[in-house]
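As written, the chains take the letters A, B, C, D and E, and residue 1 is the first residue of each chain.
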Amino acid sequence: APVPEPALQVAVATEVIPLAKPPVRKLAKELGIDLRGLTGSGEGGVITRDDVQHAANGVAPSPAGAQ
Amino acid sequence: AAKPTPEQVIAGLRATSEGGADLVQLLTPEGERVDSPEFDRYVTDIDGARLRSLFRDMTLVRRFDREANALQRQGQLGIWVPLLGQEAAQIGAGRALRPMDMAFPSYREHGVAWCRNVSPQDLLGIFRCSDHSGWDPVAARFHPYTIVIGNQVLNAAGYAMGQRFDGHVGDDDGEATICFFGDGATSQGDVHEGFVWAAVYDAPLVFFCQNNQWAISEPTERQSRLPLYQRAQGYGFPGIRVDGNDVLACLAVTRWALDECRTGNGPMLIEAFTYRMDAHTTTDDPTRYRLSDELEAWKLKDPIERVRAYLSRNGLADNDFFEEIAAEADNFAAEIRDFCV
Amino acid sequence: APQLTIGKALNHALRAAMEADPKVLIMGEDVGKLGGVFRITDGLQKDFGEHRVLDTPLAESGIIGTAIGLAVRGFRPVCEIQFDGFVFPGFDQIVSQLAKLHFRSQGKVKVPIVVRIPFGGGIGAVEHHSESPESLFSHTAGLRLVSCSNPVDAYWMLQQAIRCDDPVLFFEPKKLYHTGSLKETVDPTASPDPLFASRVLRSGTAATLVTYGPSVRVCLDAAIAAAEEGTSLEVIDLRTLSPLDLEPVFESVRKTGRLIAVSEAPSESSLTSEIAARVQQECFYSLEAPVLRVTGFDTPYPPTKLEEYYLPDLDRVLHTVDRALTW
Amino acid sequence: AAKPTPEQVIAGLRATSEGGADLVQLLTPEGERVDSPEFDRYVTDIDGARLRSLFRDMTLVRRFDREANALQRQGQLGIWVPLLGQEAAQIGAGRALRPMDMAFPSYREHGVAWCRNVSPQDLLGIFRCSDHSGWDPVAARFHPYTIVIGNQVLNAAGYAMGQRFDGHVGDDDGEATICFFGDGATSQGDVHEGFVWAAVYDAPLVFFCQNNQWAISEPTERQSRLPLYQRAQGYGFPGIRVDGNDVLACLAVTRWALDECRTGNGPMLIEAFTYRMDAHTTTDDPTRYRLSDELEAWKLKDPIERVRAYLSRNGLADNDFFEEIAAEADNFAAEIRDFCV
Amino acid sequence: APQLTIGKALNHALRAAMEADPKVLIMGEDVGKLGGVFRITDGLQKDFGEHRVLDTPLAESGIIGTAIGLAVRGFRPVCEIQFDGFVFPGFDQIVSQLAKLHFRSQGKVKVPIVVRIPFGGGIGAVEHHSESPESLFSHTAGLRLVSCSNPVDAYWMLQQAIRCDDPVLFFEPKKLYHTGSLKETVDPTASPDPLFASRVLRSGTAATLVTYGPSVRVCLDAAIAAAEEGTSLEVIDLRTLSPLDLEPVFESVRKTGRLIAVSEAPSESSLTSEIAARVQQECFYSLEAPVLRVTGFDTPYPPTKLEEYYLPDLDRVLHTVDRALTW
C-alpha cells in the first residue's frame, strides 16, 4: 500500500493520539505503518517497537510479549 | 518641631517661586545683568559675539525641538521628548564642557547633544524608533541616552572615577564628567549611590539636576521636602542652585563646578531651577495635572527672551542679527523635516 | 452591564476593590491626577483621596519596599509599575522580601500585595517600554503571577488578585488596553472563574496553541485563519503563569499530539521552556511532534520599527503549526 | 576647595575619635553623669532601680551573645553575629520603645529582640540554621531579621506610613516605628529611598543607624565623607549623633526621636556612635583588617562598665546586686546552652 | 606547576589577568585587605594597590553601575558580588545597562566587565547565601554566563572571561572553593579549551547527565556509582550557560536516548527547562524517555538544616536515571 501522509491524517482523524514514544513513531514512519491501526502491547496501551515491527511483518503482536 | 512648614516647603520647591534666596542669577528675566562677585569671573570671556552664539544655540535648539514636536504630531516620529524651556540650562551646561570632558545625558538633553556635535539626524533615530542610539558615544564623548531613571548617574560616577584613576585630574588641564538627571530622578537609589561613590572616590563629576518642577505629573514636593541642591549637604560636597533659565549663570556655575572637578575637588551638585514648558512627552497631557497659570508665569522667564533683551538693550545685536538667526533656524528645521519625511 | 475595554475593566475592578475594602491602596508613579500613563487609575484619587491613591516618589524599590511595610501593617497595596522595563529597580525587594516574607516568617507575616505590570510590545515605544519579564518572576518561588487577555478576565482577575493573601504580580497586555474591538460586557453580578486556572478558549483537534496575555489574540486569530484552511487548532489561555495550571494543556496534547507555546518573551530559560519541559515529560507518549515555540528573539527588545519582526504574529504561529503537523 | 581635609574626615568618622563635638552623651566612659539641658528631661524617670534594670538588660544580653558565640565555636550554631560592644545602643533604643511601637531590625539586633520579648530560643533558630525567623513578628512587633542590607528600611518606611494613614500619629499617644541598620547600609539605594519616602509622607519613623565603625572589613570612610547623622540634612529632617556606648543617652535620644515621630514630626535619624568589639560574624577574621589598638581604645568606653561605675559610685548598687546579676546571667547562659546542646 | 583548589585557582587567575593588563580592576565589598569573604582576592590589594583593588561602598547597584562607567572609560572591571542573593540590588544595572549598552550603541560601546558570583548551596549558611540565580540571567539577552567546576577551568575560564569584550557573569561553585580533594595541577603554560564550549567529562552509553557548577561533582559521583552497578552514564559539564553550547548534548542524547539535567536552581522557567525544551525538539526521535530534571524545589531556599533534602544529590540523580531507564 502507498505510504499515506501520516501526521496530518492522524491528527485530524483521531480523538486520542495513539501512544508511542518518539523513536517508535519514527520507526513506524519509516516502515509506513499507521499507528492508528495498532493495539499497543506496552503498559497502558503504549505501542512498542515490537508492535510496529510485527505490523510491518504482517504478524499480530503476542500479548504475552507485552510486558 | 523638625518638619519645615508647608510655606517653607513651597517657597523652596515650587514652580512659581523665584527659586529662593540662594539662586545664582546673572541675567534677570528682563535681561538685566546682575553682578556676582563669585561667578562673574567665569564668564569674562563672554563678549557680544559669544553671547550671540549662545543665543543662536538656544534658538536653533528650540527650533529643532518644536520641529520634532510637530513631526511627531504628523506621525513622522514615534514620540518626542520636548526640551522647551530648558534651553538655557542645557546650552549653558553644554557650552561649559571642554572637548575632553564626558557627558552622560538622560533622555531630554537635546541641547547638550547639540553642544557635543551630535547631529539632529543621528539623535532622531531614537524618536523615529529606528534605533536605540544613533551617535558614536565614544567619539562624541556623549553617552547614549538613558531612559531608566537614575541609571546613568552611577555610570557617570564610574567614568569619572576612571578619569581620576587615569591621572587626568588634578590641575587646570584635568578632565571632568557631567551627568544630567531630573528632579524626579533624585528619589532613585542609583542617584544616591552615585553621590556616595563620587564622594568617596573624589570623582570629578558634576551632578547636573534640571529641576523642571515636574516628573511627568508629579511636582517636586512628591520627591523632597527641601530644595534639591541641599541634598549634597549630607554627602560632604557642595550643592548650588542656579537659575536654569539664565544661560549665562548656567554657563558660569557649570564652568566653576567643572573646574573644581578637574582640579580635584569634585564632585559637585548643580540644581538648575527651570521649567518644563511643554508636556512630559508627546503622549502626555499636562492639562490633567497642572494649571496653565503656572506656564504663563514661566513664560515671563523665558530663557531665550532675556538674552534677546540683553543683546538689544546693550546694542550687541541688531535686527539683522535676529533675522539672520531666524532664517538659519528655518533652514535648519527644513533640513530636519526633509530628513524625516 | 457596561461594555468595557481591558483598560476600563481594570479601572472598574480597582474601583470595586477599593469600595469593598478600605484597606486597599493604590501606589505608583503618576497614578493620581494623571490616572497613570495608561489611565488605568483614572478618577480614583479624586474619589478616594490622596491617602488611598498615592503618587509616590520616583523609585520602584521604594514603591515595592514601602508597599511591603504597608501590607505588614494591614493594608492591601496595589502597586503600579509604569512600564515592564522599570520593574527592575524594584527587583530586589520583589525577590528578597515580597516573595520570601511569608515563607521566612513561617506564615506569620502576610504580604497581600498586587504589583500591576503593563507588559509586552506592539505600541511603538522607545527602549524599556515593551519588555516581557514574566519568566524572571515565574522562576522566583514565592510569587503568584497571572495575566489577563480580555476585559471580563481583567475585571475579575484583578479583584481576585487583590483579595488573595499572597503577593500577586499582575501582567497586563498593554497594547490591548484600549482596543475597542475587544470590548466585552462586564457583568459585576456574574460569578467569575477561579483565578489560578487556565482556560481552553477554543477547542480543536490538530494541534494546541498555549499562550497568555497579548499573544492570546494572535493565537485566536491564527486558529481562525487555520480553520479556514481546514486545520482545527485548540487555543488555551494560561491565565495563571505561576503556579502554572498545565492539566488542561496536558489533556489537550493527549488529544492533539502537538503543542505550540507562544509568548513575546525571549525563549531562553522562559515560561515557554518550562511548558515544553513539562509537556514532553507528561505527554511523552502522545507527542507526534516536539513541543515548538514561537517567541521573541534572544536579543534585547529591538527598536520598535523592527518590532513586527520580533513579535510572534499570525504568520509565525501558522508556520510553526505547519512544522508541527509535518514533523 | 569643596572637599573636607583628610583630618576633618578622620575626626568626623573614625573609631578612635570621641564622635565629635555634636555627640550627645549623658554618661562618660568613666561613669560620670553629664548634664544635658536638651535631653535630661527624657530620662527623669530613670532612678536607681531603672538604671539597675538597664544594667541587667545589657549584662544578660552580653552574656547571651558570648554564650552564643561559644556555642558556635563548639559547632552548636551554624554562625553567630555578635553584638558585643553595642549593648547600650540596642538596650537604650529598645527600652525607649512602647509596646505599640514597631521595630524593624537588621540581623545584629539581639538586644532589641530582648526588649521586644523575643525569646533567645526563638531567636537562635536562624543561627542554628533550622529556620529563617522563629518569632511571631506581628505579636512581638519586631519584624523578622533582614539580611539583605537596606531592604528593611523601606519596609519600615511603609509600616510607618501605615501608622499615619491609620490615624495613629499626632499626639503623645501616637505610635512610631524604629528601623535599625548599620554604617555600611547607608550606601544602599534602599536606605536613601527610605529617607525620601519617610520625609515625603511625614512618616513616624526613627532611622537608627548603629555606626559600629565597620562594615565587615570596611571602615566608614569607604561609605561617606561626612559623619553619617549629617546625611539627614539633605532630606529636611533632623539627624543626631549619640554616644552609642551610653545607654542613658541612647534611651533619651531615642525617646525624644520617637516622641517627635508619634506627635507627627517624623522622621528622624539617629546615629549611634559605637564599636563592633568582636568579629563581623563567627566566620570573620578581623585581624586581617584592623589593629588591636583600636579595640583596646574602645574597651575603655565599654557600655556596661560605665553604668557599673555610675551605680557603684552613687551608691545605687552594691556588690550583692552585681553578684546577683552575674548569677542570673550564668543561669541564663546555662539555659541557652541546654536548649542548643 | 602548582596544585590548586578552585579558590586558589581563581586567585591566581585574577593575579595573572592583572599582571597581563593594567586596565583590569577588581571591585567589590571587602575585596581589599580581607581578600573577600572567600579570600578569592587575597593579597591582590597589597600587590596592586588600592586603585586596582577597590573596597567599594556597600551597594551592588553602585558596584555594577560604576563598573559600567569604568568600562566605558577603558577599564576592565572584575566585580565581586559577595553572595548570590546579593546580586539583586544590582539586577537593574545588569539587565538595563550591562546587557544592553553594546546593543543600544550598535556596537560602539563595549562593556568588558566580569561579574563574579559565588553561587549555590551546601555551605550551611543563613538565608540569601545559597541561591542559584543563573537562570534569571540566561533569560536576559545580552549577557554571557559561564560556570566553572574544577580548578583548571577556574584558572583559565576566569582569564578568558576577563579578556572577553562582552559582559560575562562568572558563576563560581562556592561550596567547592576550598575542597582540598579537588585540587588539580594548574599549568599556566598550557593552552586552555575555548571558553564558550561544553565538555563531555565522562562518556557512557545508557543515559546522559548534563549539569554545571557545583552539581558537576554530584553527577560524576553518580556516574561512578552507576558504573559499579553496570550502568554507563555520560556526564557533560555545560561550562557556558549563555549562550548554551548544546551540540555535545544533542550528540550524546542521539547516542544514549536519555537525558537528565541537574541543577540546584528551582526548575520553573530555568536553564534545565530550556535544556529539556531544546533537546526534546532537536533529538525528538532519539528520546527513549522524556528529558528528566533533578533540581532544587520551587520554594525559597530552605533553612540550611534542610538543604540536604533540597539539593540534588547522588540518590536523587540515580533514582532519576532509573526512571529514565525504565520509562
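The rule we apply is simple: contacts are C-beta pairs under 8 Å (C-beta built on N, C-alpha and C of every residue); 3 or more make two chains touch, one makes a residue touch a chain.
Keep in mind that what you see is a predicted model, and the values were worked out from it rather than measured.
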Q: Write down the pair of chains with the top C-beta contact pair count.
A: C-E
Q | Far-end chain from chain D, centres as C-alpha averages | A | A
Q) So how far apart, in whole Å, are chain A and chain E when each is placed at the average of its C-alpha atoms? A) 44
Q.
Taking the mean of the C-alpha atoms as each chain's centre, how many Å separate chain A from chain C?
A. 40
Q: Pull out every residue in chain E that's touching 2 or more other chains.
A: 56-57, 59, 61-62, 85, 88-89, 92, 96, 100, 103-104, 127-128, 284, 287, 289, 327
Q: Give the residues of chain D that touch two or more other chains, as numbers and ranges in rising order.
A: 131-132, 148, 187-190, 193, 196, 200, 222-223
Q. Where in chain A do residues touch two or more other chains at once?
A. 21-22, 25
(Q) Judged by the touch rule stated earlier, which pairs of chains are there in contact? (A) A-C, A-E, B-C, B-D, B-E, C-D, C-E, D-E
Q) For the complex, which residues does chain E have touching chain A? A) 257, 284-289, 327
Q: Write out the stretch or stretches of chain E touching chain B in their complex.
A: 25, 51, 56-57, 59, 61-62, 64-75, 89, 92-93, 96-97, 100-101, 103-106, 108-109
Q: Sort out for me which residues of chain D touch chain E in the complex.
A: 78-79, 107, 125-132, 147-150, 184-185, 187-190, 215-218, 222-223, 283-285, 288-289
(Q) Quick check: in the complex, which residue numbers of chain D touch chain C? (A) 104, 131-134, 136-138, 143-144, 146, 148, 151, 153-163, 165-166, 189-190, 193-194, 196-197, 200
(Q) Which stretch or stretches of chain C touch chain A in the complex? (A) 205-207, 231-232, 254-258, 284-290, 325-327
